[in-house]
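In the two assemblies presented below, subunit A is common to both, partnered first by subunit B and then by subunit C.
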Partner chain A sequence: MSRVLSYVEKDTWIHRLSGVTKLVFFLLWSITSMVSYDTRVLAVMLVLSVVIFKASKTSWKQVGSVFKFIMFFLCLNVLAIYIFSPEQGVKIYGTKHVLVSLAGNYDLTKEQLFYELNVILKYFTVIPAVLMFIVTTDPSEFAASLNKIGVSYYIGYAVAIALRYIPDVQDDYAKIKRAQEARGIEMSKKAKFMDRVKSIAAIIFPLIFSSMDRIDVVSNAMQLRGFGKNRRRTWYSAKPLKKNDWVALTFTVIFCVGAFIITFINGSRFYNPFV
Partner chain B sequence: MSEAVIEFRDFSFRYRAQKEPTIKNINLTINKGEKVLIVGPSGSGKSTLAHCLNGLVPFAFPGEITGEYLINGQNPEDLGIFGLNKMIGTVLQDTDGQFIGLTVAEDIAFALENDCVEQAELFKRVEEAAELVSVKDLLHNSPRELSGGQKQRVSMAGVMVDDVDILLFDEPLANLDPATGKRAIALIDEIHERRKSTIIIIEHRLEDVLYRDVDRIILINDGMIVGDMTPDELLATDLLIKNGIREPLYLAAIRHSGAKISAEQKPQHIESMKLDDISEAVKEWFHEVDIPEEPVSDEVQLEVENLSFSYTSKKKVLSDISFKINKGEMLSIVGKNGAGKSTLANLICGFLEPEHGKILFNGTDLSTWSIKEHGEHIGYVMQNPNQMISKPMIFDEVALGLVVRGVPEDEIKSRVYNVLKICGLYQFRNWPVSALSFGQKKRLTIASILVLDPEIIILDEPTAGQDYKHYTEIMEFLKKLNKESGITIIMITHDMHLMLEYTHRAIVIADGHKLTDDTPAKVLTDEETADKAYLKKTSLYDLALKCGIDEPSEFVERFIWFENQEVRND
Partner chain C sequence: MKKLFGVKEVVAAGIGTAIFVALTQVQIPIAFIPNTSLQPRTALLAFFAAIFGPVVGGVIGLLGHALGDAIAYGSVWWSWVFPEALLGIVIGLFSSKFQIKEGGFKGKQVILFNIVQIAANALAWALLAPGLDILIYSEPVNKVFVQGMIAMISNIIVVGILGTLIGVAYTQIGAKAHSLTKED
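This part shows the complex of A and B:
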């Protein structure tokens, strides 16, 4: 069984980077992508994202289902923007090129399409970065990194341990699902959507209860081995920053600063091809 | 002159949420370097006592302490849980759950990390600890890739890395197959020898722990110490049986023969026990017991033909398995953890599809049936009832399978009530599930399967983690069900007592192959089979040989039959 969204050990230069580097990259990259609506910047970022994603040798199996899930939200998001503010593009770019006239003020404008294209671009620049970050970063090393950049190790460990238990919970989920199906709760596509939603409850409750048991056990085990004794702790899996890390960090910082400059040089976050 | 490391004086403890104290007025001294076994039935307070030692009581589970207790001469309440951790290392029973790190190395390092030991030192000490329990080759593996026994070794390393001088094992055998359990006990013994640590083992599987010597057994029941003596002394008394602890099988057999057991005979190990005049009595008893023939149905119900399966293309989990099961049988599928028995059950239930071969139910090929259709004929009961129960109310939980099948309401009511009566849960029908004990929850999950009227039920480890009383309760219930409603019961287990006492046939799976298919008595008296399947030869076998009985498997069968008669008469 392939596990969705969990760290898989592979030997690529991305995997060898320290968690701190990847975390910093991931944060700066996301912030830049969120702030900038400059299509040129986003396009470059998109290309780089794809290249980096390829370099990480992440397989479709690892991320496919999550990707589809995000795509679903992307479509919802894009539709919602149009439904709730069909004139957003016009407002932003200051011109109005109507392509098709629809009922009421629902015109389909070039500006709106361009604006929504930017939204989609943003998604696509961030998604590969997020997925790559998750599947190439050893969770405990990630916790160590968080701690290193000043986050309390409690938080870092909470994240790491959640990741540690994802595969176990996935196993539990599969086991519970089968047992419930055998009792007659239809989970396959044969059942109606609403029925399936209701059936999910039949899995979620046992899953929550058995996960609570796990939490109990693990928190006792952690306490018994001195977790929380001191204000700081050391990490077995911490990786010191190496040359490649500094190169990657320098590149990331320069790139993001550059992206900000290009984005804001014309006075707004938007690149306007209509004037 | 021995030095006391643990002292309890008139010690009592009451959990904050409870009215009555769980530990009552205990006086106990454990000396440096001693190896002590604490036994007691579920709810006797033995786990609470362990928690008092490692500091979970009162620091994680608050309550009221009266009396005095000292660990290494210091008051635990002043030391705090972290101070106690430095002296007492605990290996918990759940080998899966206590695994904190993502790799073996990190898990072993955990305690040191919390002590801010520098990385270079971490690497060194982790390696040393791993060496001690021979898991050095596994340092970079994830917990999921380890077997139960390996996980336990890692847990031990994680505790010993900290140089604690008292080691506390909380039910170390609970999740292990018999052979792995035996090795765990041997490892604990080795550590005791080598490090001269004080060892405290909490278990109810007495016979398995006594595989290696312990200095003292402390028997607890109802929060009080009811016995504190050497194993030989304790085994000569009837205190164990009186307090719901199963005595070693060979001793039970000797008692049945009417012979007396005394401490002088050294009853701790059958191999070295002096049998003298006992032999004759046992032999005589063996010839007296006569098992009546029981009629067996010869109507084939389930047929597995050349079944093969693999999760990935590389390694076959099951290869070429064939057997037939008759209607109304009660049998066990046994083998070590990871041998493929759960996969086999999953295939029979239709959760997985066979790669080769087929499964026939009453002559029909099952390959085209959906999981739901399978479920109407072959019910599956999971090991952990908490993973099956999805409704807050007992009635609703049992009714669930009928409700989703659109059965009319009054029929649901009558069928649910009927099943609840069979399962002894009728008086609780309007209660919430949370009010039930673990054993009752287990019966509830069986009820929720039974209500669908399956012809076969498959139970995964039905008695895992249960003490003797609850074990007997669940198994007697299943036996009655099998007898009275003729339902076929298949149990997946590595519990040797269970297969021996409650099943007439055992299909042994080892490394994906069917090793044997024979009576449990034969399986457990055949050294080679037992070895390969990670089972353990039963001590009854040794007893039979020592007494000069040349049909050991027949001896085992007569013993079991006799025991069952006794249980029924109780």
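This part shows the complex of A and C:
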């Protein structure tokens, strides 16, 4: 289970920001890049993403394998869009500049390339933000931040438990897998399709049942300590908002509002260079 | 009166999400269509929703999918996160009917579970996911519907086989706790 992102403690200004700030940034940032198809906005966001990513001093080792994996899916997705809908760009931008004539409606058009460029840009604006959020936010502080922005502490605690137990469950998974392999169940990619389904079931069953026991143990322990008795609770790992947080928050809000205005000022989500 | 979101549900949602995230990497890819594969984690979601109800199902779907995608793929495809939550909520709404914990998950309940999961999967993947893809990402219509249909079919198969089997197996273990009868 090496291909997984996790929090790494470092000392940069991004690590020192409160989890609330980073959560708000992450949400607003991904919403903006989701909504906007404006190439200019996306390009600026891309540059900022890379700058922020650099500032977080995240090393390639931490994110490299995940990044390669995303690139693989990105390529598949871009190809699939072309195969299923080679005229999507023409439909959106309303003009048709053919670059290379191909059979059927598979003409390679400038519009299609431009549309797919936007799709790729969207990926690239979000990826650094997500990676940065995960590798710089302390999980328990993240739960505290959720509570701070108004989410019920029950949900906040569910998140904290989830983050706390992901490594444990992964450990269990690996242990059960090895045990089943020792019993002679083929787990590798060599096995046939149905055999693989069966072998996965052979891991999932013990994993789920042992987890059901764990749920009982943990919830009994929490009940004994009086969890849920009061309407509010305090958080050990919560960080108060400091000056830098307010600066970052203000910047994020202003930037996203600006991005929305620029995106929608010409009446649609798309920036059209063809007319 | 059982609380809809008590201590046990908090823990179930948390640990359920953890398993869901851990299982994100366990996939059996199908064919060429990107981002779709047989995902055992959906069976887990259905099982937890069927036992602990709609809130737990919704939380695991939403959080598990968003967190799992973020950790494993580094990007969150929001238009597929919400359908996952919807799936958990819809299955969870019928949780009291399945009687998995009470040891009564057989025959009629199994059929009901599968009817509900097929309806919920259809609603989530054939309707909501492509709809959101078009609305949020302006993706080509036929591409997202093909992806949606494949996701729907593969999830129905996974939940139908794996989810049902987990439920049946668990109901036999769980029954022990309730095999005592009250003495008059």
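In this text, the second predicted complex is superposed on the first by the 233 of 275 C-alpha atoms of A that agree within 3 Å, B and C clash if a C-alpha of one lies under 4 Å from a C-alpha of the other, contacts with A are read in each partner's own complex, and residues count from 1 in each chain.
FYI, a residue touches a chain if its C-beta (ideal position, glycine included) is under 8 Å from a C-beta of that chain, and two chains touch if they have at least 3 such contacts.
Keep in mind the model is a prediction, meaning the values are calculated, not measured.
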Looking at the overlay, what does A:Ser30 touch: subunit B (first), subunit C (second), both, or neither?
second
If we overlay the two complexes on their shared chain A, which of subunit B and subunit C does A:Val47 touch? Say first, second, both or neither.
neither
Partner chain in contact with A:Phe205 - subunit B first, subunit C second, else both or neither
both
Larger residue footprint on subunit A, choosing between subunit B and subunit C, goes to C
Just to be sure I read the superposition right, which of the two partners does A:Met222 touch: subunit B = first, subunit C = second, or both, or neither?
both
Between subunit B and subunit C, whom does A:Glu181 touch in the aligned arrangement: first, second, both, or neither?
first
Examine A:Val98 and indicate which partner it touches, taking first as subunit B and second as subunit C; both and neither are also allowed.
neither
Touch test for A:Ser237: subunit B only (first), subunit C only (second), both, or neither?
first
Counting only touches as set out at the top, which of subunit B and subunit C does A:Asp138 meet: first, second, both, neither?
first
Touching A:Gln88, do we find subunit B (first), subunit C (second), both, or neither?
second
Enumerate the residues of subunit A that count as touching subunit B in its complex and touching subunit C in the other.
1, 160-161, 163-164, 168, 201, 203, 205, 207, 209, 214, 218, 222-223, 227-228
In their shared complex, subunit C is touched by residues of subunit A numbered 1, 3-6, 30, 34-35, 37, 63, 66-67, 69-70, 73, 76-77, 79-81, 84-85, 88, 92, 119, 122-123, 126-127, 130-131, 133-134, 154-155, 157-166, 168-170, 173, 193, 196-197, 200-201, 203-205, 207-209, 211-212, 214-215, 218-219, 222-223, 227-228, 269-270
Please output the residues of subunit A touching subunit B within their complex, sorted ascending.
1, 7, 138-140, 160-161, 163-164, 167-168, 172, 175-176, 178-186, 188, 201-203, 205-207, 209-210, 213-214, 217-218, 220-230, 232-238
Contacting residues of subunit B [partner subunit A, same complex]:
54-56, 59-60, 81-82, 85, 90, 92, 94, 96-98, 100-103, 105-106, 109-119, 122-123, 126, 144, 158-159, 162, 311, 346, 349-351, 370-372, 374-376, 379-380, 382, 384, 386-391, 400-401, 404-405, 448-449, 452
Subunit A partner, complex, touching residues on subunit C are 5-19, 21-23, 25-26, 28, 32-35, 38, 40, 43-44, 47, 59, 63-64, 67, 70-76, 78, 136-143, 146, 161-162, 165-166, 169-170, 173
